[in-house]
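Next come two complexes, and both contain chain A; in the first it sits with chain B, in the second with chain C.
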Partner chain A sequence: MSRLITWAAVLVAFVAVPFYLEGFWLQTGLFAMSAAVGAIGINLLTGATGQLSMGHAFFLAVGAYAYVSFSDDLGLPTPIAAVLAVLLAGVAGGLFSPIAGRLRGAYLGIATLALIFGGQHLLFNVEHVTGGFNGRAVPPLEIFGFAFADAPELILMNVPFGALERLWFLGGALLLLAALFARGVLRGRPGRAMNTIRDHEIAAGVMGVPVTRYRAGAFVLSSMYGGLAGVMLALVFQRTVPDYFGILLSLDYLAMIVIGGLGSVGGAVIGAVFVSLLPQLLTRYSDALPLVSAPGSGGVSPAEAARLLYGAAVVGVVLFLPGGLLGLLRSLRLRLPSLPTPLPDTRSSHVS
Partner chain B sequence: MFFQQLAEGLGAGAGYAALALALVLAYRFTGIVNFAQGELALLATYVAWQLVDSGLPYWAALPVTVAVAFTAGMLTERVLIRRVESAPGPISPVVATIGLYVLVNALAALVWSSALRAFPSPFPDAPAGLAALAAAGLAGLVLGALALVVRHTGLGLVMRAVAADPRTARLSGIRVGQVAALGWGAASAVGALSGVLLAPSLFLEPAMMTGVLVYAFAAAVLGGFDSAPGAVAGGLIVGVTETLCGTYLAFVGADLKIAVPLVLIVAVLLLRPRGLFGTAPVERA
Partner chain C sequence: MSRNRTAALRGAAALLSLALAATACASEKATGGAQPSASAGGDGVKTGPGVTADTITLSLLTDLTGPYASFGKSLTQAQQLYFEQINTAGGICGRKIETIVRDHGYDPQKAMASYTEVSPKTAAIPQFIGSPMVTALKAKITGDKILTIPMAWATGLLGSEAIQVTGTTYDIDMINAVDYLVKEKGIKAGDKIGHLYFEGDYGESALAGSKFASEKLGLELVEQKIKATDQDMTAQVAAFKKAGIKAALVSVGPRQTASLVGVALAGGMDVPFVGSNSAYSPQLLATPAAPALLKDFTYVTAGAPISAPLPAYQKLITDYQAKYAGQTLDSGVAAGWTAAIIVGDALRKACEAKDLSREGIIAAHRGQKAWEAGLGGEPQDFSAFDRPASRASYVVKPDKQAVGGAVILKEAAVSDLAKEYSVPAAG
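For the complex of A and B:
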């Protein structure tokens, strides 16, 4: 019952946000939602299965650019373009899966560097699809005549509902679906198999887990999550820029799941919110903070300061909070209701 | 022309080999793939730049830089790696090095800004090809000295024992933690050499080592991730292949040179995961 009440409160707060907060915060929130979807994906792979990927940014790029290209170049309806973009990211992950299935842990991390650098090269050079250095404008999503754009004006309760306000609800719905699906995967048989592979590959194989197939599957699933995050990001950004999808973005995603908590949906969401809010907060309040200065005015830019902070946060979390922020919340007994519990890591207790 | 390219390939390859060797050393002593190795080298290179910039002659700055890098590597092991080694899950220590990567990179951008900086060459008067060869020779000299220490001294014996089997080494009374710290120090020092050798041709900036790290990974994977001679051989092969492909294969050119190590990494990991000189892992449950 109390759980129900909490969820109702969360829902009301979520619905109320676009009526009260300005565009800046909505955009920040939408970035956080898209990051949360992507982070859930990489947490399925890295956190739950123990497979390191430095190539997540590549799949975000596939999703974002595929959406633009399918809807603009092929003239497909935008919802179909979005679905196809996610599927294409999955196909891209599938093409890499002979490698993703066989390599383990950090070795996969090394191999996925190829995706990042290869992907960047394609983004800059296949200009008729990607628009080269300048990127491309993103067409707004339109479902059954309802456009997620500023264009046909819409006013609800004296609040003008532009693109950001409309996308807010779409983003929330997509994040909820993505989180529920991932929760189902993690709590069910596949999740247990993935955790066993992470904790002891040979034991997993002996118990009948098809290790290679599961690794490849986790990789494909995580790349589809990346693709969805890419589509959401493109819709919010309204422009795709190749520079953005570099190795630092992949590192951002790894930082998110470490800071939030490896191997769980809740951890991915908390980490994503933390890492995407940090630079925005620093930008917003840069004049009030010592050392940090507004972008372009010399001194430390908010983005750099944020990177420094969350780099330190990653190291600090690994050192002092092995469970991440989610683990901290749990240990403070401020347990959030209905956050899925990850399987406890059995590695510390097994005898090798 | 060909020999000029070959010399330049060897010069670049020596840089890659040094960083690859750093990766292999860190891996041998603690079983951790150190994604921050390139950034530690970057930091050392900035220290060298600062020293030279403030008027110290190049050949005096170099040993100071190597000493600083050695200390930084040892500190990294003592403060960070040692405490995450036993963390649950195989991925935590690697992720810690990734956090270190982000942290060090942001720190370098913070202190030295992201401006491109010219870095002095050790042999400013020599023609380009000869300077590259001399740089390769310098790297060879240092690596040779390291090999001599590892092969022929008591300390080297202890280091080899720890790398081969930490548990047995501990049982025979070796301070495994201290030796591992020493190993990371050596790795970081060798990495610093790579940064200093490559900086004159790449220009010093915070993203300088990102590409080099990819080449070094290619070299280490090609040579076998647990083989020090393999890393050196791998580095030279990668450097020469990359330079020659960039010059003689029209479709590769200067633009696609980065694809050479990437293709190498993927191909080697798929076809021969233990590399040229590495040992196949055997695991007992």
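For the complex of A and C:
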């Protein structure tokens, strides 16, 4: 019951945001939502199944560029193009999974690194599809005649609803679906199988878990999440540029799941929000923060401060918070009995 | 349980509708869709976003942490100096100039986020570093009608009424460079010339120019494409040497230029090198490549080097060194200063027309057919936005003694080829 009220409050807050906050916040929020979807994907793979992937940015790129190409070059309706883009990212992951099935740990990490370099080379050079260095403009999504763009003008309760306001709801819905689906996967049979593979592969095999199939499956699923994050990112960005889908983006995703908490949906979302909000907030409030100087005046610039801070966050989390920020939240709630204690691994419908 | 749940759901729905109702009256965004722009101030001047009764806000979107950090710092400091001087002299249109600086670190996503943040409160953007970033935002800038000076000279940036590329584009510079090689360095029809360029629109627009010129003059072009992350040019020098080139064009970053020219001379390839304006920086004269650069390297640029004997630059040098003692006077200082003046002049003209709305500022800017501020070079034509503002380039050579590390070798001139060149339509 109290849970329902919490969720209702969250929903109200979520709906109210685009009516109050300016474009900057909506855009930052949308980047965070897209990052959250991508982070859930890599958490399924790296956090839950224990396969290190440095190639996540590649699958984002596949999703983003496939959406543009399917809708512009092939002239498909944009929702279909988006779905196909996600599927194509899954296929790309599936094609890589034979390699993923043979390598472990750091070796797999290095193999996936090849995806980044190969992928960026293609993005720069297959110009008729990717637009080369300059990238391509992204056509706005249009569902049943409703366009997620600034035009035609739409005014809700006196608030002008542009592309960002409209996308806010779409992003929220996609994130919710993605999170629920991943939660279902993690809490059910497949999740247990994946965790067993992570903890002890041989034991998993002995217990009858089809290890290769699960590892391949996790890779495909994670790539599809990456693809969806790529489509969302493209819609917010309104332009795809190859520079963006580099090694730094992949590392950001690893940082997100480490900071947030490995192996869970909540952890991925918290980490994604933290990593994508931090630099934006520091830049915006650089004038008011101590030690951080306004750009151009010498001293530590906000971008550097953000990098330092989140480097420190990774080190701090690894040293002191093995469960990530999500683990921290849980233990805080356990210590403060007045707060409702969430039992993360409980199925609420059976208990109440 | 199910009854509880229904009640809770109903409660939530009620709460939701309440919140929405509250939204409608309390939100600052609730403007009914009308733009807050185009209202007349007390002094009869029409104002728009970024302009109030006593301030005009300008945004500098720069790179202080990425590959162009030193260039960005010079640009930003020069522009802040200019606007400070304006404010001391009473501002423009009775309004003080305020600047917002945002560092995007050469990252398109951060540039996009910064632009979304500052654009609602910005009247003009006197500096926006990076053609990938400006290209990514071109449609938005055009739609928002914010006068923007990109610090990049790729041909693809033409074609937007709001975006003003200063001076020449890279292709025009390269045409003038080939013309210079033929007229003064004894290159003749049938000779091979090399062109080392960056992948991306900087290198590729430069290549469009060199291709055009070498075709017209019957030269054979030997292309070498590199990535911005490549540092060692030994392989490229070997390729040029094998092809037997008589001269080389250079459209890369300063580091690659130093490597190319240094390695080439050490390997006995003593040919003239002509660079684009972004290929050189005075810091190179402190590297081991300095003797080679001083011997064989020149570059072409629309803006006069800061050492040019012009009173405006001499004053800039004195003022800049007084404020930022001990800092290098690279091409960023002159480029930033020029762009700041262009925006300042547009604002003054807009003030004369009593229209400081964004449309008014762009109209005032585009009304100038022969803009000139005592900074050298040919007067620039801002009236057409699908053509470069100028087609005249200086030929400049490195010099250890000169301020800014470069002196004019050949005065600004338009080659006949550059006159007949038609800029490809922007994509």
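Rule of thumb we're sticking to: the second predicted complex is superposed on the first by the 317 of 352 C-alpha atoms of A that agree within 3 Å, B and C clash if a C-alpha of one lies under 4 Å from a C-alpha of the other, contacts with A are read in each partner's own complex, and residues count from 1 in each chain.
The criterion applied here is as follows: a residue touches a chain if its C-beta (ideal position, glycine included) is under 8 Å from a C-beta of that chain, and two chains touch if they have at least 3 such contacts.
Remember, predicted model here, so these are calculated numbers, not experimental data.
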item: Partners on chain A (chain B, chain C) - clash or fit; value: fit
item: Chain B versus chain C as contact partner of A:P160, first or second or both or neither; value: second
item: Contacts of A:N134 with chain B and chain C, given as first, second, both or neither; value: second
item: First, second, both or neither for A:V258, with chain B first and chain C second; value: first
item: Contacts of A:Y244 with chain B and chain C, given as first, second, both or neither; value: second
item: Partner chain in contact with A:P322 - chain B first, chain C second, else both or neither; value: first
item: Which of chain B and chain C A:E304 touches, first, second, both or neither; value: both
item: Touching partner for A:A203 - first (chain B), second (chain C), both, neither; value: first
item: Touched partner set for A:Q27, first chain B, second chain C, both or neither; value: second
item: Chain C versus chain B - closest C-alpha approach in the superposed model, Å; value: 5
item: Touching both chain C and chain B, counted on chain A across the two superposed complexes; value: 304, 352
item: Chain A residues within the chain B interface of the complex; value: 46-47, 50, 52, 98-99, 102-103, 105-107, 109-111, 113-114, 117-118, 121, 125, 198-200, 202-203, 206, 247-248, 251, 254-255, 258, 262, 300, 304-305, 307-308, 310-315, 317-319, 322, 345, 347-348, 352
item: Chain C-facing residues of chain A, complex; value: 1, 4-5, 7-9, 11-12, 15-16, 19-24, 27-28, 31, 124, 132-135, 137, 150, 153, 155, 157-160, 164, 237-239, 241, 243-244, 279-280, 283-284, 294-296, 301-304, 352
item: Complex interface listing, chain C residues touching chain A; value: 1, 4-5, 8-9, 11-12, 15-16, 19-20, 23-24, 26-33, 60, 62, 64-65, 73, 76-77, 80, 101-103, 105, 107-110, 112-114, 116-117, 120, 131-132, 135-137, 139-140, 143, 156, 199-201, 204, 427
item: Chain B - residues contacting chain A, complex; value: 32-33, 35, 80, 83-84, 87-96, 98-107, 109-110, 210, 214, 217, 221, 225, 255-256, 258-259, 262-263, 265-266, 269-270, 273, 283, 285
